[in-house]
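Listed after this line are the structures, all set down as structure tokens.
Next come two complexes built around chain A: one with chain B, the other with chain C.
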Partner chain A sequence: MSEITGYQPVAMVWGGVLCWLALALLAIPLRAHKRWLLAGFPLAALTGLWVAAVGVAGLLLPASAQIVPVGFPGLPVHLRLDALSGFFLLLLGMGAFGVSVYARGYFQHMEIGELARLAIWYPAFLAAMTLVLLANDAYAFMVAWELMALSSYFLVTSDYRVEEIRKAGFLYLLMAHIGAVALLLCFGVLQGNGHTGDAAFTFSAMRHGVLTPTQASLAFLFALIGFGAKAGLVPLHVWLPEAHPAAPSPVSALMSGVMLKMALYGLLRVGFDLLSVRQEWWGVLVLVLGLMTALYGVIFAAVQSDIKRLLAWSSIENIGLIFTGLGLAIIFSVEGKSGLAALALTAVLYHALNHALFKSLLFVGTGSVLHASGTRLMSGLGGLMRKMPWTGWLMLLGVLAIAGLPPLNGFVSEWLLLQAFLFTPGLDLHYLNMMLPVATASVALVIALAAYVMVKFYGVVFLGQPRNPALKHAHEADIWQRMGMLWLASACVLLGLLPSAVIVLISPAVQQVAGRVLTNDGGWLVLAPMDAARASYAPLPFWLATLAVLLLVYGLVRFRYTGRVRRSAAWQCGFPAVTARMQDSAEGFGQPIQHIFSSFMQVDRQYPQPQDRTPHYASVSIDQWWHFLYLPIVAATNWLSQQTARLQHGRIQWYLTYSFITLLVLLVFVQ
Partner chain B sequence: MISTGASGMISGWYLQIVNLLAALLLLISFAMLAQRRVAGLISLFAWQGAALAVSTAIVAVFTAQWHLLYSVALTLLLKVMIIPWFFYRLVRKLGMSRDVEPLLNHSLTMLTGIVLVIFAFNLALPISQMAGTVMRSTLGIAMACVLLSFLMMITRTKALPQVIGFMAMENGIFFAATSATYGMPLVVELGVALDVLVGVFVLGIFFFQIRETFESMDLRQMEKRKEH
Partner chain C sequence: MSGGVVLQGLQTVLAVLAAPLLTGWTNQCRARLQGRRPPPLWQSYRVLHKLFLKETVLAKEASPLFQATPYVVFSCMVLAAGIVPMLANDLPFSPVADVIALVGIFALARVFLALAAMDVGTAFGTLGARREMLVAFLAEPALLMVFFTVSLISHSTQLPLMVHVLAHRKFAIYPSLAFAGVAFWMVSVAENARIPVDNPTTHLELTMIHEAMILEYSGRYLALIEWSVALKLFVYSALGIALFVPWGIAPVGDEAALPLALLALVAKMAVGGLVLAVLETLNAKMRLFRVPEFLGTAFLLAVLGMLIHFLLES
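The block that comes next holds the complex of A and B.
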């Protein structure tokens, strides 16, 4: 352990954690003062910026560790900041800054009780996530992990009067606990190779542990279940589409953008750091689960008509893509192809960062839409571009980024992921070689469908005519909200335009995990992974050229055709009056997908009656996993409980007899 | 048969007394199992405590385990004086000196008790060979006392006999601890004594509450409170 000094990055991040915790504690006595509570959010944002800056320092400087004597007696908290933590701190800080600035504006119309609950748990949530990244022993990790789950549970249920929100919160808490139990078992398997006592649970002891292949596989599987439940891997994803719409929008943004990445961090930490050897089938498993998740997520995103639910499913899809890349990285690293593992990992980390930014942007933008219109249902939205130009344009950037269009950031990471897939034919496992083209095609399909989902999302909400007359009074987001969104959107643009610089920045994390950095063959302007002759991407020249062509065309039109335009009424296709109801609806847009992938889901349709004056069609797609997995589990649990209830007679003599018989049996065993 | 060498002469007669007291303890346990009047049960409980205290005191003096004397004092104070007095008072106030109806047939209970004693002796045999104390032969008796008290708790329907059974079980455990390891550490002993005292008073309060609510001390009345 290195000496504790005030200048180490780890101590500086610890300062940030204390800042957030202080904000959370200060909010308790100030819970009746709206102005003070609101002032906490910009402060939380500044702390986020600080943490992001120290995260960059963590990427660039060597790892630093510290022991903080808090917590249980004899069990101090071990903290460590290395390049991997540094990268995720950067992600957390960038996301937290934008979302917290936005939250200052968004929460100011809340009633005071709910605002107080949010102001207490919001900084605590940020502090818990930071602690997860810093923890260097299993105790601290589990405490931070549970604090993260609990604080986010209270954030989700901040509007606890609504029954659906309470139910969503319960489901979330339940899944979080199942995951936490799996993590506990994982750390249990990892510890205890000769070490005993308190030191056995430090990560440094686990790193030097020697596990048999079976033990290592067991630990990895537990980690996959535990972190998969938090990340939303199919089939542990069911809480995500319920909890994200239930939470206030900035909280959804943080949960989706940042918290899901904590699960990725955990799996990287366990899989690549604490476990010294990996096996190829782990990679295949993660790859298959990731692909399933991505495909399942994007299909369900396409058929949603609730904007936040759509974004939640889209998060599942993105997590699926990220885990697909992770699986690929494990396969490459087991086969000793560390260069390719570095490529896949760069894609994974890049996409995690991107998703943190654009999904936060989309969720907070959705919050503004929700605030302006009062509804989350697409059937009551439309044409908001004219009423909310700021939100509309910034959301357009986010939508283009998540759809994976150049020159924005989503394109870079998805392109890198596809590049990693294109390098797979050199693998040693032949059956894998045969299956991977299918996986590549599925990834391409997912990315294309994601673009389709975003066209639906943006087109129905912002374009066209308002579907509800009340939308005429929709108002633009205030200055705080715009600033928050502007930060996130400009980060998306920057990450898209300067991929080479970003890859250099995150290379220490890749180096730490994969043992090598991604070789960029193209210099600072051009991104060319591995080999410039194969594929390269130069966003800045591309963007400049596009801009030049655009300006040229604009100039030509402006000056050559000026004054020669004849204005007349447009041909209305034979319809005398065009109303908002004639637009493509959200259900209509999703119908082809619903039709093609009907075997994936159960669809409940409501058809209009022939005599209806205002016919209305609605369809709800139900997740099949409920029927296949969760409802049987619920039924089995109920049955078991009823059988156990037969033991209950309510007679004290019977209970004493139970104890007596147990005692006798145990005594016989002792003998 | 226990001690050898120079101390053999001295240890001989005091161990005889301890063994006698242990036998008395077992006898009292059987008597409690058979006793049907509550007042008699309380007297038996007090006598059991007294026998326990005397035997512990003898062991303490002859093996120079002076810390055991604190336990003896505690036992005398609590189990021979305060708790029996408190129970007598309860019985007078609540007017429940009537016969207690056992749940199980009388002779069947006694037979079960004998089976339990045989079981306990068999069980204690290997353990007492490992124990390094002079009283190790009484371990079987101590365990038999615990099991018999438990059986008494099971077969009675009224609350007060059950509490007395619980106390008697605590006596058996204490005796077992003395036989196997010369008693528990004093801190544990004090804690247990305090627990017992507090428990008795809480139960006393409960008795009044139960009678007020159900107008009877019969626990079968409480089965109606079972949730369906």
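The block that comes next holds the complex of A and C.
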């Protein structure tokens, strides 16, 4: 791909980055002025729109690169905008626009100190993610990556007075840094050959580097750990269900919707761009990890009773599906089936974009619920559809989309993913041919379970009767919040109805990664990957036909049968005195899942006492990875530090002895 | 093409109109087998007519979602009927949705029904919704696996093409199809709320699944839901016929084969209804927590079918 160096679309992104950075810096002197701080969010939203537009330019125009002489002397920042980063810029911009518009309304009742912290770090976070996408050398990438991690850490802990939030923030920071160390090692393996000096750290040098298969595998594994920790791949997912509920809702939306995709971008960049040769077992590994993550995520999502925690687990599930597709793409590309790799990659990118939209929508929607009701626990919610019709209906769209139901966007990407699996027969590795049907089955199970989770989420929060009398005073979200949600929901609908157009739009990114585009055999109306005789799906006619049949049936029924409708108390099989407490609780709705998948989790149950007049049953499902992986590591670290502490006596003669021994050892080595 | 459009419309209307007949026939067979005097064949139409004419009572708490759901569910079933080849293989509407999308349409209807059941906020509604979603998340992957197995043989997920390949292949035993067929039967029993998973005639609170969801519906809303239930059974039967005994469905452009196709469809549906009635008479409804085992078996059979296809037939 040729690189323009004169006129540069990459320079256009600078506008966005500088805008966001300026907003962040301006917020520092203005930190006492609420009105000014709030005005920053619509401006951040507009910048998001600009970045999305530049992303489209990046998809359509040839790649462009730029060297900016900032930073340490002799280490300029290399930037590059190509189709892949263009796609992710589009994703970032679309998500950032909706969430920032929403944030203007959401943050206005916040106390000034917290608002100031948010107003400083929020645009900085957006700028950092943009820089991650543009970085064309390892230095710039790591600096942007760390800025992203730190700014999001400060956003998560903006309400630092709550101990739980501080703990969640610490866990997040810790996992982010384990990932960053792995990434440093990955870039270390990638650079070490061919070039010397600062040029060795540029991505263009890494692209041309020659690696042995072992080195390449090592680099890929480090990248998988590093980006996997950011994406929430099992078993590095533990920070996600802690950090997402702790952060303010717009921040959770950005982290879940957009930041997790930065990890996907990184893995695509390293795996498909910087490493020129891939190996089949990488694909198998990514596929297996992805499936494990998806299944684990969706099962735990089904048993949560905190709405934001449920959504966080559902993000883990979606990331799992995305990585499953990625694994499939790697397998196809190694086997030389570039057309199929393009299909799998299209599914991956499409789902990433979809997830950015519907998960942001759901997270900001829960923010409105939190504002209206003051609780995140499902046991104190219910019936909000009547009090908050706007939020209710827009969230319904998000719920249907994430449950993978036609004609919305989630269905399209899951349909593409399943099609990619159906095309698999005839791989060279025979054990893969045996394994993939089982993988297909697991994907189908995950998709079906996601619908269960979403019915639980929506049904318990928005439908039914209020489980708490205080909900009578719940209020609808304000106009900013509604507009933000409306943007995200309409994007979900559009992406669901016009898949052919979306596929054409993202095809340059697919072309760049897979070396081929996904050919659509069905024209602009019908989505038919590769061959119209194999499979096709046309959401627009589907939707129109549904609408036509619906109106026809409605008209016929209403015209023919004019019987009146009488409102009365609910029948409930004739039982009198049925209260809201008799509805399913979140625990009750999740109980079948807990029962069926009991081997996956450890359940902590609290039974009510027999003489309790308002009995409440609670159950918490504990992530087994804590016991199998994290707590042993914590114990080992503690033990090690205690052993090290034995060296410390506080006596000067011992310390002198240590110095003497060290000196001796060093002398031996120097000799 | 215009002939196709006429056929398409004809077939869809036929399915919508004939669906209660299949339910009536199954009920009749079952009554005979159980030694009761059977209701007339058109009893289901009478029930629908009665329900449409009745006054509709709505719970005070019901939201617009509750009122919209019967229409949504019914439209979904009509759409599903439009893409399954029943009489002829020439369906111009079928490229709109392949077999995976068909599963999606059923899922859409189900999710709406479950949400509507939770809308009023009664104990039975939420209970029914939870159980329905439980059955669904176990049945849906099995159903997808069945379709995948068949699509691996036909190299397509488009129903008319699948039927075309399956009806015109050389006669040979496909073990994978046998497994898939059994799994499909089990899944359709579960999805259509029949014995042994659910009992369509029960109103015993502790055991009902589907009936618990629609307890709060009455009048024309209930009529629409009952009709969609009948239509769903009809579409599932047509689907089973199309995939596993497709002989007789008129190929593209062959109008002369249509009378025979209609005859074949009626005969196969009659046999299917009879078998369903026999199995419902022989079996008892199982405990709810046996259902995952039942559907797990279906899932396993379907996956086995797919594996066998890879091992023996590819």
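Definition applied: the second predicted complex is superposed on the first by the 654 of 671 C-alpha atoms of A that agree within 3 Å, B and C clash if a C-alpha of one lies under 4 Å from a C-alpha of the other, contacts with A are read in each partner's own complex, and residues count from 1 in each chain.
The working rule: contacts are C-beta pairs under 8 Å (C-beta built on N, C-alpha and C of every residue); 3 or more make two chains touch, one makes a residue touch a chain.
These figures come from a predicted structure and were not determined experimentally.
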Chain B versus chain C as contact partner of A:647, first or second or both or neither: neither
Which superposed partner A:526 touches (first chain B, second chain C, both, neither): second
Partner chain(s) touched by A:277 [first = chain B, second = chain C, both, neither]: neither
Partner contacting more residues of chain A (chain B vs chain C): C
Touched partner set for A:663, first chain B, second chain C, both or neither: first
Partner chain in contact with A:633 - chain B first, chain C second, else both or neither: neither
Chain B versus chain C as contact partner of A:561, first or second or both or neither: second
Touching both chain B and chain C, residues of chain A: none
Of chain C, residues touching chain A in the complex: 52-61, 63, 65, 71-72, 74-76, 78-79, 82, 93, 95-98, 100-101, 104-105, 107-108, 110-111, 114-115, 118-127, 129-131, 133-134, 136-138, 140-141, 144-145, 148, 151-152, 155-158, 161, 205, 215-216, 218-220, 224, 289, 292, 299, 302-303, 306-307, 310-311, 314
Chain B residues touching chain A - in the complex, by the definition given at the top: 103, 119, 122-123, 126, 147, 150-151, 153-155, 157, 162, 219-220, 222-223, 225-227
Touching residues on chain A, where the partner in the complex is chain B: 648-653, 656-657, 659-660, 663-664, 667-668, 670-671
Chain A to chain C touching residues, read off their complex: 382-383, 385-386, 396, 400, 403-406, 411, 415, 418-419, 421-422, 425-426, 433-434, 437-438, 440-441, 444-445, 447-449, 451-452, 454-456, 458-460, 463-465, 522, 526, 528, 532-538, 541-542, 545-546, 549-550, 553-554, 557, 560-561, 563-573, 578, 580, 582-584, 588-589, 592, 595-596
